[in-house]
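Letters A, B, C and D name the chains as they come in the text, with residue numbers starting at 1 for each one.
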Amino acid sequence: MARTSFLGDLLTNLYGRGRWSSGGDRRSMEALCTALLSTAGEVAGLRLASAIFDKYRAMSPEEKLGFFTFLNERLDVDSSEVAKLAQAYSEERSPGNFAALVQSAEPRRQELFRRLHQAPGATTELVAARVDLLGMLKDHPELKRTDMDFVHLLRSWFNRGFLRIEQIDWNTSATLLEKIVAYEAVHEIHDWDDLRRRLHPADRRCFAFFHPTMPSEPLIFVEVALTKGVPGSIQALLEEDRDIMRPEAANTAVFYSISNCQKGLKGVSFGNFLIKQVVSQLSQEFPKLDTFVTLSPMPGLKRWLETLDGDAKAANLLAGTATETEAEALAARYLLDAKRSDGFPQDPVARFHLGNGAMVHDVHAGADTSPNGMAQSCGLMVNYLYDRSQTEKRHETFTGEKTIAASRTVRSKARSEKGAGQDKGAPKGKAAKAETAPTATE
Amino acid sequence: MARTSFLGDLLTNLYGRGRWSSGGDRRSMEALCTALLSTAGEVAGLRLASAIFDKYRAMSPEEKLGFFTFLNERLDVDSSEVAKLAQAYSEERSPGNFAALVQSAEPRRQELFRRLHQAPGATTELVAARVDLLGMLKDHPELKRTDMDFVHLLRSWFNRGFLRIEQIDWNTSATLLEKIVAYEAVHEIHDWDDLRRRLHPADRRCFAFFHPTMPSEPLIFVEVALTKGVPGSIQALLEEDRDIMRPEAANTAVFYSISNCQKGLKGVSFGNFLIKQVVSQLSQEFPKLDTFVTLSPMPGLKRWLETLDGDAKAANLLAGTATETEAEALAARYLLDAKRSDGFPQDPVARFHLGNGAMVHDVHAGADTSPNGMAQSCGLMVNYLYDRSQTEKRHETFTGEKTIAASRTVRSKARSEKGAGQDKGAPKGKAAKAETAPTATE
Amino acid sequence: MARTSFLGDLLTNLYGRGRWSSGGDRRSMEALCTALLSTAGEVAGLRLASAIFDKYRAMSPEEKLGFFTFLNERLDVDSSEVAKLAQAYSEERSPGNFAALVQSAEPRRQELFRRLHQAPGATTELVAARVDLLGMLKDHPELKRTDMDFVHLLRSWFNRGFLRIEQIDWNTSATLLEKIVAYEAVHEIHDWDDLRRRLHPADRRCFAFFHPTMPSEPLIFVEVALTKGVPGSIQALLEEDRDIMRPEAANTAVFYSISNCQKGLKGVSFGNFLIKQVVSQLSQEFPKLDTFVTLSPMPGLKRWLETLDGDAKAANLLAGTATETEAEALAARYLLDAKRSDGFPQDPVARFHLGNGAMVHDVHAGADTSPNGMAQSCGLMVNYLYDRSQTEKRHETFTGEKTIAASRTVRSKARSEKGAGQDKGAPKGKAAKAETAPTATE
Amino acid sequence: MARTSFLGDLLTNLYGRGRWSSGGDRRSMEALCTALLSTAGEVAGLRLASAIFDKYRAMSPEEKLGFFTFLNERLDVDSSEVAKLAQAYSEERSPGNFAALVQSAEPRRQELFRRLHQAPGATTELVAARVDLLGMLKDHPELKRTDMDFVHLLRSWFNRGFLRIEQIDWNTSATLLEKIVAYEAVHEIHDWDDLRRRLHPADRRCFAFFHPTMPSEPLIFVEVALTKGVPGSIQALLEEDRDIMRPEAANTAVFYSISNCQKGLKGVSFGNFLIKQVVSQLSQEFPKLDTFVTLSPMPGLKRWLETLDGDAKAANLLAGTATETEAEALAARYLLDAKRSDGFPQDPVARFHLGNGAMVHDVHAGADTSPNGMAQSCGLMVNYLYDRSQTEKRHETFTGEKTIAASRTVRSKARSEKGAGQDKGAPKGKAAKAETAPTATE
């Protein structure tokens, strides 16, 4: 914040308000980018970068597509040059040959992004530009090349060492609290009273990551409830008139909502580390906490049920007439058996938590009866359990062997369904593996 | 600081003090590096990185050489693979082919460095390791390849947007002040009283850059004197009993000492931007300041004089018997005419300030009579002038055409020497250019 | 905050949680107070003070009355002792006699309050106790003696030098913002959106005073609108869809709401100084501001109108059928002529601003059409003008000669009424004075 | 600091630099004081206060004496008025009579001091003025009356609730560290290296109290060494090359130097509370600490020895020829037996620590061989022990019955001396009491 305005002041001061802040530069976008890539002047570079951002912001969607196409095609790698220099380096591994090869193999747009990134407020501008780019990928998949360069650089700029964690509570500024309301992606926050119930009571916590160049923008946040025992429904957690507990008396921390805030940072992951940092902080503050668990949606459940043509129980669940037992059996089967072509679970939330080293702990029918909860997951929710002594091992087993760690309860619920619905065609190999892999169960 | 210890706590908390902090991992350095490159586990990665740093710190110089040789040879680019993938990408510019090419052309040690950089305190460790590497380059020039990768990453991590400027004064902590004393590279600070005279008086300023991951380590600092008129000697500036001036009455800011603090960041330049930021801040604080000038040494003067075999005046200056006029004439000639094979000035300080867009403003004999000042520059010093309306143009003229911007005074002093010593064999082409290039003179 | 909990920790640490925090002390309130007055032990004193606060908080209203009666009667001045010591001091003005006299003339409850004030959190407790006391004064006017001692000490503890001013805006914590909503005493804040409209737009400001021992409790706050010209209605200022102005373009700052937050600090005045501090801060931030004005209610107008039996225009205004001209004429007359028996204005808001050195600038009909505004002031509002070059002189003329400074506009509005309604019986002496006192008019 | 300059800005802003800051007011000091007492204008009051401080600072010592005499005589209590009002209040205890009496019995200079205290920076000015007054008391004992009023108000302004404790270490600013060097009153700090040895090592601590109106001025500070066992000499503690200990391994905290920094706050005591707060903080940080002890000088020892005319051992000790046993015996006797006429110990340091509830733990010969240590205490030092479970009881026994708590060791050392030197004339009553009072010994 301070930095940004300071640099702005600096430029204004060095060149006068008129010359700097007016988008006076009438060269084409291509000319500006070429100029930025070729200048060695630091201040000239800042001015060009700023002019490019000004111009970009004023572009129509078509013009933006043109701009990214320019980056994609004209600032790409020259592969014949690379081949030639690779050959030269094979012949003589001199530092000069090395430098030439490495430089030629880096798309020139990476250097452009880096130079743009020097301007005041550039991080925010680039993250916003990437949102535009992501919207183009479906119709223009070749732009994925440019997006790869974006991700490469964003990962470096958002290196974990630069992040700071902050607790969000009732002492947080209204400015930031408004953003929490806007960014909450899982269980909508209806108004300030609702927000207060999430953040203020002694048995509630919320933590977010921030980056020094975007000090008033959360990157990701997690909402936590401190409870006795593992809860089976979001309604109970968010009830208006519930009893508030002394946090020292809690034995369980429930991560019931995790929201990524910046679409433009897709592919730069913060969630795993946020969860582990919060587990660590809460453990220190409340030594009696011994269970760290999520209460999560199953966003792909309904779509999967719809693929089970002719399955009577699935039809019941979709129709809202399934018993609790039937519902939970189907949900357990979905989590354990429904796989993508690469062998990993279909459910994106499952992939996230299992990839972090959690296990499937339990499933609950009637756990989220909000319209959204019914529409996505037929009201079902799942607990993923983070057992600190096992997360690393589970992470590796999941990543390597694609084994899904699951509790006896969940496996038994899944089995009851399969016993009943034997040959419904779900792939069974992995599930069987889950059942027998001893390290993957409680 | 806080961050570092927080991450340390996190790891301790996740794994227990014993398992984490003991260098319990007895695998070889190569095995650890390979494991780090292949793990997908975030916490496993932190632990491996920390083990690698532990092991590195305990290594003998020979072992460190072995380690860097391993990085240089074994984690290099596979150029035949690159050539093959460049060919494939030429044939089909798919995102997949692109990703494969770009990845293969990046030396694997870059990814290793990036993963190491995630560990608590890693920035400091890596900067220290680079100091070791720099010491090996002379005898092992092939390691420059690894050093190039180092510089590439350090530039990204020390991106200007992450730096914050701080004023160093008598309200600064003793811890930091001790570092200023230690890092001062131009005019030694003898004791706390000397330090106080540099920082505390109303007409003195000191500014430093800091990076968020090394909060108690300055990266670079500059000492500034606010004066009336451009000073011609360092003795006058640092005099113990001088009169202290109201800073509002000053018209000139003198940058009389700029010190880079981190050897391991060689090649990552901060000085240009620091000077401009300080110019900007001082301009805002003291609107009457109209002259921004350095008082700088000429570290290469003496060596250059020694190359002028048979030049009587040069011999006089070396012997300490030259007149002031003779001395200044030689110094002016040195700055304008003494060039490297690439056409840029021999003097490193001149290259720095001219490259930033400054001009040679004046030279002074008897300006630094300290032992060091006599040994390096025969007591001579030079003012470089930063004229904000000209810096960008001068920067580009210097960088592009290698033109040295110089005041009439300096050109006239140089000419007097050449008039007198006509055929002393100094290359005259560039100097002639300086004299006639109108934009390059006051 | 920190302090409070620190002291709490200290006591816990020194004596163990059980011994300290349990209200274990079963002595009577009188016995505890006597013990506190006689102990010389610092820690013993803290413990007794804390026990007294515990006991006080648990008291019924009757018991609290008994407690204050005890303070009032038993810890009073011993006037015969005072008379004796005054005599002794008359005879020999020795330091010893002086000390004895001064001490005897100070009611012992003052020393009790001072000792109570040493305990952690005592300021808040004492301010709360005074709220209780204030509620008893009507039925028990003799307790005013104790209240005088309270005020004497509170003025010293809330010495202006200890206050800090803070801007309240959208970066303020929700905790504090909730208090602003609760304490707003003039124009109710309906919800968070309403609050946002008061604090967040670029042409709005809010400032509050805080005291170090009550860091999360505002003492007083003022809401300010930056405008072009002096506004004539609160509706226009608070309109939902109004255009927001660049604050640099404003020439007028309007203080449209000032709320004291702590009933227990009645008689300790902060408003005058807050207004002047805000005038000073805004002048520095926005040099173009040249008019500082309030938009204030006339809380006593309606009651005064009701006393004007038989006045047809007053009846019209009360009935809501007066013309704008008639309404403003009556309001002007009220401000200039309606006096208390001591010669000062009947209107409390007028007394406050005129006492601060402001003048009556204008009156507006239909300016506050809220239920509250209609009920108190028949919809009328008044601007008081703070002219920095005149405030001190006006303050002294008002305080000394009871002269009301008023603009030509206001005097002319008042005259029109009196011309029309000649002999309505309003006291005319002072108004006449206002008209002729040249220094008191614009 | 911020506050001060803010108020200064405010005044400048309200009245223009010229009118405010010039000491333009040419009225006499008496006239100014009278004007300040009679003005009701807040800003006028600030201006008068500032003019009074300006004038005071410019006064000669004689003029200052005249000023304090004016305060003492002319702004005193009117005792006949007080007697009259006391009589009136005896007759009718109305709030009005009460107010009149209380006000008349307060010396008018108290109100003057309070009004002066409102000005920017007034606290510092008043504390400085009191230093002047203290210097006059010896020759002008009648001024003690004015000094009593000073102390009364200073105690209220420096109420413990306003103090904050801060650790002083190597991260403290040079500005503050210079003050620590200047204010150290017990064991001189020779230079920055010496200072570093006191503050920086892991087994050293320093804490100070600060007041919000004097943020860069410490009020009092204490230096602490963390050790194993109770040390018997200051040389060992301050040795240059001593081994530094992990603070977690210490069992003893030694308070080896306590310095009051503000002469003008004489009579406002901070030491007792500082020690207890530090004991509390260190206990929490290092739970293994079980002994809190001082290493203190005996500033009155030498003078007392000189009164023991004809005592051979005392003569030996004064001559530097006493054995260690003899020296310690005399020192123990001094602490236990040498009393003032009021029955309290002659030694001021003993009065301080015993009054805080400490006990005499041990005495050591050869414990401070510095010139100052030899001159004051013949090289002897004493440990006072703070046992948290006993301090309150000991405080009360000391204050009430004047009993000196002492360890068996010390009593035995004292006895050995008395056994040997039976009838040397020391008063024995109290010592006997100490020996037999069971609660006063370990």
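One rule holds in what follows: contacts are C-beta pairs under 8 Å (C-beta built on N, C-alpha and C of every residue); 3 or more make two chains touch, one makes a residue touch a chain.
In UniProt terms, the chains line up like this: A, B, C, D = Malonyl-CoA decarboxylase.
These figures come from a predicted structure and were not determined experimentally.
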{"item": "Most distant chain from subunit D by Cα centroid", "value": "A"}
{"item": "Selected from A-C, C-D or A-B, interface repeating B-D by over half of its contact pairs", "value": "A-C"}
{"item": "Chain centre separation (subunit B, subunit C; CA means) in Å", "value": "60"}
{"item": "Chain centre separation in whole Å, for subunit D relative to subunit C (CA means)", "value": "38"}
{"item": "Distance from subunit C to subunit A - Cα centre to Cα centre, in angstrom", "value": "52"}
{"item": "Residues within subunit B bordering two or more other chains", "value": "none"}
{"item": "Pairs of chains found to touch, sorted by chain label", "value": "A-B, A-C, B-D, C-D"}
{"item": "Residues of subunit D touching subunit B in the complex", "value": "170-175, 177, 191-192, 196"}
{"item": "Subunit C to subunit D touching residues, read off their complex", "value": "3, 6, 9-10, 13-14, 40-44, 76-77, 79-80, 82-83, 86-87, 89-90, 93-95, 98-99, 101-102, 105-107, 114, 117-118, 122-123, 141-142, 144-145, 148-149, 152, 156-157, 159-162, 164, 212-213, 272-273, 276-277, 280, 283-284, 357, 388, 391-392, 395-396, 399"}
